[in-house]
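Think of it as A, B, C, D, E and F in the order they're written, each chain with its own count starting at 1.
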Amino acid sequence: MSNPERVAYFNGKIVPESQVLIPFRDRSFKYGDGVFDMTRTFGGRIFKLKEHVDRLYRSLKYTGIDIGLSAAAVMTITEEILERNLPLLDAGDDFWVAQRVSRGVDVVGGDFWQNSGPTLIIDCTPLPFKARAHLYRDGIDVVFPSVQRTPPESLSPNVKSHNYLNMIIADLEVRSMNPNGWALLLDTRGFLSEGMGSNVFLVKDGVLYTPKSQYVLAGVSRQTVIELAAELKLKLVEDDLTPYDAFTADEAFITSTSFCICPVHSFNGKTVADGKVPGPITKQLTEAYSDLVDCDFVEQYLRYA
Amino acid sequence: MSNPERVAYFNGKIVPESQVLIPFRDRSFKYGDGVFDMTRTFGGRIFKLKEHVDRLYRSLKYTGIDIGLSAAAVMTITEEILERNLPLLDAGDDFWVAQRVSRGVDVVGGDFWQNSGPTLIIDCTPLPFKARAHLYRDGIDVVFPSVQRTPPESLSPNVKSHNYLNMIIADLEVRSMNPNGWALLLDTRGFLSEGMGSNVFLVKDGVLYTPKSQYVLAGVSRQTVIELAAELKLKLVEDDLTPYDAFTADEAFITSTSFCICPVHSFNGKTVADGKVPGPITKQLTEAYSDLVDCDFVEQYLRYA
Amino acid sequence: MSNPERVAYFNGKIVPESQVLIPFRDRSFKYGDGVFDMTRTFGGRIFKLKEHVDRLYRSLKYTGIDIGLSAAAVMTITEEILERNLPLLDAGDDFWVAQRVSRGVDVVGGDFWQNSGPTLIIDCTPLPFKARAHLYRDGIDVVFPSVQRTPPESLSPNVKSHNYLNMIIADLEVRSMNPNGWALLLDTRGFLSEGMGSNVFLVKDGVLYTPKSQYVLAGVSRQTVIELAAELKLKLVEDDLTPYDAFTADEAFITSTSFCICPVHSFNGKTVADGKVPGPITKQLTEAYSDLVDCDFVEQYLRYA
Amino acid sequence: MSNPERVAYFNGKIVPESQVLIPFRDRSFKYGDGVFDMTRTFGGRIFKLKEHVDRLYRSLKYTGIDIGLSAAAVMTITEEILERNLPLLDAGDDFWVAQRVSRGVDVVGGDFWQNSGPTLIIDCTPLPFKARAHLYRDGIDVVFPSVQRTPPESLSPNVKSHNYLNMIIADLEVRSMNPNGWALLLDTRGFLSEGMGSNVFLVKDGVLYTPKSQYVLAGVSRQTVIELAAELKLKLVEDDLTPYDAFTADEAFITSTSFCICPVHSFNGKTVADGKVPGPITKQLTEAYSDLVDCDFVEQYLRYA
Amino acid sequence: MSNPERVAYFNGKIVPESQVLIPFRDRSFKYGDGVFDMTRTFGGRIFKLKEHVDRLYRSLKYTGIDIGLSAAAVMTITEEILERNLPLLDAGDDFWVAQRVSRGVDVVGGDFWQNSGPTLIIDCTPLPFKARAHLYRDGIDVVFPSVQRTPPESLSPNVKSHNYLNMIIADLEVRSMNPNGWALLLDTRGFLSEGMGSNVFLVKDGVLYTPKSQYVLAGVSRQTVIELAAELKLKLVEDDLTPYDAFTADEAFITSTSFCICPVHSFNGKTVADGKVPGPITKQLTEAYSDLVDCDFVEQYLRYA
Amino acid sequence: MSNPERVAYFNGKIVPESQVLIPFRDRSFKYGDGVFDMTRTFGGRIFKLKEHVDRLYRSLKYTGIDIGLSAAAVMTITEEILERNLPLLDAGDDFWVAQRVSRGVDVVGGDFWQNSGPTLIIDCTPLPFKARAHLYRDGIDVVFPSVQRTPPESLSPNVKSHNYLNMIIADLEVRSMNPNGWALLLDTRGFLSEGMGSNVFLVKDGVLYTPKSQYVLAGVSRQTVIELAAELKLKLVEDDLTPYDAFTADEAFITSTSFCICPVHSFNGKTVADGKVPGPITKQLTEAYSDLVDCDFVEQYLRYA
C-alpha cells in the first residue's frame, strides 16, 4: 500500500495521525492551555531527547499540569513513535519529534478548574527543507517588529507553552511588509529577544553574543552552540543586545531545532557586514554542529535551493 | 430518547457536539492561534449578540484571520444553534453562546504560514449556576497575584483570543493559597486590570470607578453597567485604580458575561467596608441590570446556594 | 531677471537664501542645539502665526536660549520675509514659513558653555505639493517602527527642537521595507505617539481620538482640528491609543502644518475599514478646515496626483 | 604673517576654517541629522585614530549615511589635516581632531528624503586646557540631574550623533544650581550612565566599575582604561551602578577624549571618601595612561591651574 | 508659672509632651511602621478635622493596624487636646494638630508579628511662620531632584505613613546644591508628583492643573483648592504634568496643610513667567482660601518676613 | 535579684533597656528617618562586627547623618554592650547585636531641617529560636506578594534604613493568605529580590544563583555564603532570577543574620524538587557555615522544634 499514514501516541494508544482528534472543549484549543517540546532527528537519530523532555517537565511544573508519567516513560514512548514512523521518511529527510500536552477538556457546567485530565500526544513531522532552503543560500532577512516579546513578569518565555499569539502577531506584522522577513522580537526593554522558536547570535571581533536566558526560551540548539563555542575556544557572552549591536555585527545567525544554525543576511534591511553568508565563525560552528550530529544539515536544506 | 446531545456549528455543518473534533495540528490547539466571543442567554433570550459578534470581528482583524462569512451570517447561525439547543436546557437555566475561530490546521512540510484555512465553531454551554452560587451569597474574595497582566505592547487585552495562560497561571497562583480566591491581575504598571473574563468596579463616595479599556478586555457587561450608571445618573470614571483604591472602596463588584454583576467581599483579605454584600449602589445596578435583561440572575444563582 | 532668489532673515539682515551660511562650529550643526517653529500660508496668507511664535518661545525657555527679541518683533520680521518672498511663489502654491534658532557658535578653546550668541533665521520654503499628492488620493500607509519615541523624561516632545534623529531613524526603518510607508512611532509605553512633524487622529463610532499631549508635539493643526470638532459638535477624546485602536478604527487621518488633514489608508498593512478615503468625518473636518483657511488644500495637492 | 588660520577638509577640498560654511537647509543644522567622531593628539601625535574612525563607520551604518569614502581614506585625510595645522599649535598644547558628517542639504520642494548628499568635514580644535585646569587640581563635582539619558530603544547611545540636546539640557539643569557642576545622567532605569562625552569609573575595595556599554557611548578612553587595568592586574567589572555605589565609592574618575582620566571630588555634594584627589588607583591608572600616550596630560592641564 | 508645657494624648492618658516617650523597640522607631495625619488651626479653629481623620482610617486599613477606637472618638480626643493647648499659643499663631499611630512595640524573642499593640499619640505643634515667611514674599524655588518618588506598586503614596526617607533623601539632594530649594519629586515615569507634604498646581491659559491622585498623597488642602476653583468657575484638570509644563506655566503654587497656598518663583532655576508672585489666579484662590478659613494666612506668614 | 534587665548604649550612656525612651518628635519615630545594622553572636562571640559597622557607615553617608563617632569607637562600644549582656543569655542561646541611629528630634517651630542631633542606640536582643524552629525542620514556604520591592531609583535597597513599610505590607499580604508564608518580594522588573532582612539562593545543576546586589540589601550572611561557595569550589552567579527559576530549582535557601542558612520548601505552593529539605548543596554550605562560626546553628533552632 503506497503512502501509509504516520502514527502518533494519543493518551495511551498509538493511532494513525488522522485519528488524533481533540474535542473542541479542550483547554488547549480554547485557551492554549498546554505545553509542548520538540526535537529533531539527524539521519533518523533523535537529538538530545533527554534535554528536551527535561524542559517539558519544567514547563509542566510551571503550568501545574501532572501527566502521570515519568520522564523516562515519555522518552521511551517517543522513541517508539519515531521508530514506527521512520520507514515513512523520504530519503535524506528527517523528522521533528514532539510531545504535546493539554490540561484537558473542560467539564460542562462545572467549576472553571474541573476538567477531564491531561491529554498527551507524541508525534513526528517531516522537516520543511524545501520551504527554507533559500535561507541557507541567501541568509535570513531579520526584521524587528513593533510588537514586543511578552515579558517574564506576565508569562515566562522559558516555558514552551501553547500561547504563541505574541510571536504570531509579530510575524504577521513583519510579513505584511516583507513576505520573506523573519521576525525577531525586541523585549519590553528594547533588547533583542527571540523569534518563533528561534534564538539569535551575533559575532563581533571574534566574540559570540546571544541574549540572556531570562528573556528568551533558551533553546537546546542555542545551548549546543554555547557548548561547541567552548570546545572551539570561542569566547561567548550572554548579554543584553541592542539593535545597534545587530546592525554593526560582523556576523549573525539564528539557531532553532530545525535550523540548527542558519546565517542572517540583514537586520531591518541593513546587511550584516558585506552581506555574504555564512561568515567564518558561523561556518566554523556550522561544521562543528554537523560533526556533532553526524549530518550535513546545510546540504540537507540546500538540496532544494 | 432521553438526554439528547447539544449540537454545534462546525465549519458549515450542524453536528452533535461530540463530533466537533479538532485535528491535533490545528493552530489553536498548538499555539492558541484563534479568537472567540461569547454572550449568554437570559430566559433563553440571547443578550447583545451584535455587540459580541462585532467584537469578534475586531479580534479577527487584529489577528489577520478571514473566516469568509459576514457578521450577519454569523449572527444568523448563532441564533439557529441556540434555537436547536434551547429544548435541552433545564428549567430556569441559561446558556453561554460562543463563536470560536482557529486560524486552521498547519500543512505538514509547508511553510509556517501554510494552513488549511480557518475553522469556525458556534456552540452553547449551560451556565455553571451551582458552582458559583456561593459568590452571590458571600461576595467574591479577590486576590492580586504576583503574575502581571500581559501588557498591550505584547498582546492587546482588547482581543478575546485563545491565549489565556497569563490569566490561568495567575489564577492557579491565587488558588494555591486560597481555593476560593478570585484572581484579579495587576497590570505591568501596578494598577488593577482584570480577571479571567471579568472586569472590576469600585464605588467610593457614590462614584463608580473601573480600569481604563487600554489595559483590559472591555467587556459587554462592563459596558452595560456603564450605560445603566448613566441612566441612573451615577457618576462613573474610567481610570487607573490602585490596590489602595480597592482596599478603601465603599463597595466593589465584578462583571462578566455569566456573572452580570457579582459583589466583592474582600481584596487580599481586607473586607470591603464592613464586608456585607451587596452594597447599596451594587444593589441598585443589579436591579437595573435584571430589569434590562428581564431576568433575576441573582436568584438564578442563589437557587443553588 | 528670471527666477530670482528667495530671501531670509539672518541675524539682523535680510539676505538671499544662498548667503545664509552657518559656521561648522555652530552648535546646531554639531549638536542639533537649537529650536524652530514653522507655519504655512494659505493663498499667501500666513496661518496662526502668533500660536507658532508663542510655541517657539516656550521651546526657547525650555532650552534656555535668549534671542534678545520680543515675540512681536519676530512676528513682524516673519511677515516681512513672507511679503518679500510671495512674488516668487508659483500660482496656486504656498509657503512654509519658519523661524530657526541655534544657540550659537562655540568659542574655540573656551569652556563648553562659551559661545558667540544665538543665531536666528527666518525663511520661506515652497510646499512639496507634488511629492505628496498621491497621499490625498490614496491615503497614507502608516507603519509602526520598532524604534520608540524619545520619552519626555529624556527630552520633551513638546519642544520643536533640532534633535530629530529618533524620528529620522524610525522613518528610515519603515522606508527600508516600504518606500511609501509613513512612520508613526509608538511611545516607550507602546501607545501611538507621532510621526515626523505629524499627529494622528482616529475615529470610532463617531468619536475622535488623538494621543495625549504629554507624549507628542501638540501641533497647531492638531489644535485646529480639536477646535473644529468642537464647532461641529463632534466628541473628541485625548487618550492613550493602542495599535488595536488603530487597526479597528472606522477612519483615521494625519495632521501637520503642511498636510492640514490627510487620510490614512492603512496601519501596518491593515486597511482602515474598507480602505476608501476619506471617511465621512474626515471629509467633514477637511471641509471645515478648508473653510477656516479659505483654501481648498486638498485640491492644492490633488492638482499633481 | 602672525596667527594664520587653521584649515579643514570640507567635501573634497582643504580650506581655511572660516570658509567651512553650511547652508541653513543642511539637515544637521535643522535636525542634528549627522554623526561625528573625535580623537586628540598627545604631543602632536594622534591617538587611536583607527578606533575612532571605525566607530564613525558604525555610526554611519546605524544612521544609513554613505559618505562614499573608505575608512582608510578618511584616516589619510585626517592625518593630512593634522599635519597642516600642527604648526599653529602653541607649545605644550594639543588638538582635538574630528570628522563630522551631515546627511546633506534638503532639496526644496522635494520629498523629505531628497537631499544633496552627505557633507564631510575634518578639522582640528585646540584643547581647552585652561578652562579645565581646576578640575585636575580639585576633582570634578559630579551632579545627577533629573533629566534621564535617552534610552537605547529611542536612539542608541553607542552612536556619536549630532543629537546632544538630552545631555545639553541635563548640563544646563546642573549648572543652574552649581556653575561648576558636571552633569552625569542617570539612565531611564536609575543607573549611572554618562555625561557630555564622558564616562565614569568607580573604585571600591580595589575593584574598578563602569556602566555597561548598552547604556552609554563606550568611549575609546574608557576602553583604554579597561585595557590598562588588565595590564595592571586590576579587576574591572562592567555593571549597573547606582547612586549608592557612587556615594560609597573609595575613588571615582571621569574619562573622555580630552580628559583621558580626571578624578571626581564629589557626587551630589557628597565627597568621595575623604575628598582628596586623585586616589591611589586613579593615580596608578593616570600614570599608566601617561606612559601609554607618552604625555603627562595632567601636567598639561595643571600648567594653567 | 511662665511657659507651661503643651500636653498630648498618649495611649489613653493626657500628659505633658515631655512624657510622651517611646520605647526604642517600638516598630515606628525601628521601621517607620506607623501612620499619621495632621491638620492645622486657623485662629485656633481646627480645619476639616473629619476629612483628616477619615484619611487616617484609610491609612490604618492599608497598613492593617487596628487602634480600637472609632473615628468619632479620635475626633473628640483631638478637639480636647487642642482646647487644652490653645492657651499656650502666641497671639496670631496657630497649631498643627496631629494623630500619630505606631503598630506597637516588638516582643523580644517572639515572632516578627508579635507586638504589644498600637500606640496612639495626639498632639499640637506651633506652625513655623518665621522660618517660612520669605517663601510668601519671594515665592518658592522648586527643584526636581534625581531621586524619584516611590511608586504606588511599592508603597501607596496615598497613605500618610511614617516612611518618609524617599522624600527626605530627595530634599537633602536639593539642599546640597541650593539651601533654599524646595524638592518636588518626579515619579518613576518622569512626571511631577509631590514634595514633602506638599502638592503642586500649575496655571496655564487660565486653567489649573495638578498631578493625578494615583501618584501623590492627595492633600486636604489640594482638595480645598479643587473645590474653591469649582466655586470660582476656574477649570481644573488632574493630569500627568511634565517639567516642560512647569517651565512654561503662567503661574504655579504649592499647597500643604501649613502653607495652604504658597506661590512658586521658579522651577529648576527657570522663573515662572516674569518671576513676580503671586500671579492673578494664585491670588484669587489665596483670597478665597483665606475667606473660607476666615484667616489671612499670608499675612500670618509675612509678619515675619 | 533574679532576671536583671539588659542594658543598652543610649547617646553616651549605658542604661537599662527600659530607660531607652525616644521623644515622640524623634524623626525616626515620625518618618523612619534613621538607619541601623545588626549582627548576631554564635556561642556569645560576635560575628563579622567590622563588616556590619562598615555597612552602617555607608548607610550614614547615603542618608547624610553624622554621628560624630569613628567606626572603631562604635565597635568598641558594641563589644562592651555585648559583654555586659552576655550573662543574661540563656544557655545555648545567642544575641542579635544592633546599632540604631536616628537623625534626631525635630525642633518645634523651626525649619524642617533643624533637629537636636543624632541619636545612637546599641543593644542586644535574644534570637527567636523557638518561633522559627519549624522552618529548619520543614523548610520555608516562600510566597511572592503582589507588592513590589521599592526600586533603587526611589530608595537604595543597599541602605539598611528604618523605612520597612514596603516589606511589612508585602509580608502582611502573604500572611493574610498563609500565616506561615514567607514573603519574598519581586522587584519592579519582576525578578526575585529579597524578603524582610533575608536573601535568597537557588541551586540548579550544581550552580548557585542569587539576585544581583543592585536590587537587594546584600547581606553579610549572603556574602559569607558567597565566600564559602568559593572555598568549596561551587560555582556561584549573581543574576536576575525569575519565578520560573525558583519553581524549577533543585534546591533553594534563605540567608539572614539570624537564619544563617535556612532551606526553602516551596515557592508559591510549588515544592522545590521533591520537597525534602535540606538539599545536598544546602547541607554542604550549612555545614561549612557552622564550621566557620563554630556553632551548630541548625541544632540551635531544632532544639525547639
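Criterion: contacts are C-beta pairs under 8 Å (C-beta built on N, C-alpha and C of every residue); 3 or more make two chains touch, one makes a residue touch a chain.
Being a predicted model, the structure only gives us computed values, none of them experimental.
For D-E, the equivalent interface among the listed pairs B-E, A-B or A-C is A-C, as over half of the contact pairs agree by residue number.
Chain centres were defined as the mean of their Cα atoms; on that basis the chain farthest from subunit F turns out to be C. Compared on C-beta pairs in contact, D-F and E-F come out with E-F as the pair having more. For the pair subunit C and subunit D, the distance between mean C-alpha positions equals 33 Å. Averaging Cα coordinates per chain places subunit C and subunit F 57 Å apart. Separation between the centroids of subunit A and subunit F, computed from CA atoms only, is 43 Å.
Those residues of subunit F in touch with two or more other chains are numbered 62, 64, 147-148, 151, 153, 186, 190, 243, 270. Every pair of chains meeting the contact definition is listed here: A-B, A-C, A-D, A-F, B-C, B-E, B-F, C-D, C-E, D-E, D-F, E-F. Interface residues of subunit A facing subunit F in the complex, by the touch rule stated above, are 58, 61-62, 64, 151-153, 156, 158-159, 212, 214.
Those residues of subunit B that touch subunit F in the shared complex are 143-146, 148, 173, 176-178, 181, 186, 190, 243, 268-270. Residues 8, 10, 17-18, 20-26, 28-34, 36, 62-64, 100, 102, 108-113, 121, 123, 125-128, 130-131, 147-151, 153-155, 161-166, 168-169, 171-172, 175, 188, 196 of subunit B touch subunit A in their complex.
Taken in their complex, subunit A has these residues touching subunit D: 186, 189-191, 239-240, 242-244, 247-248, 270.
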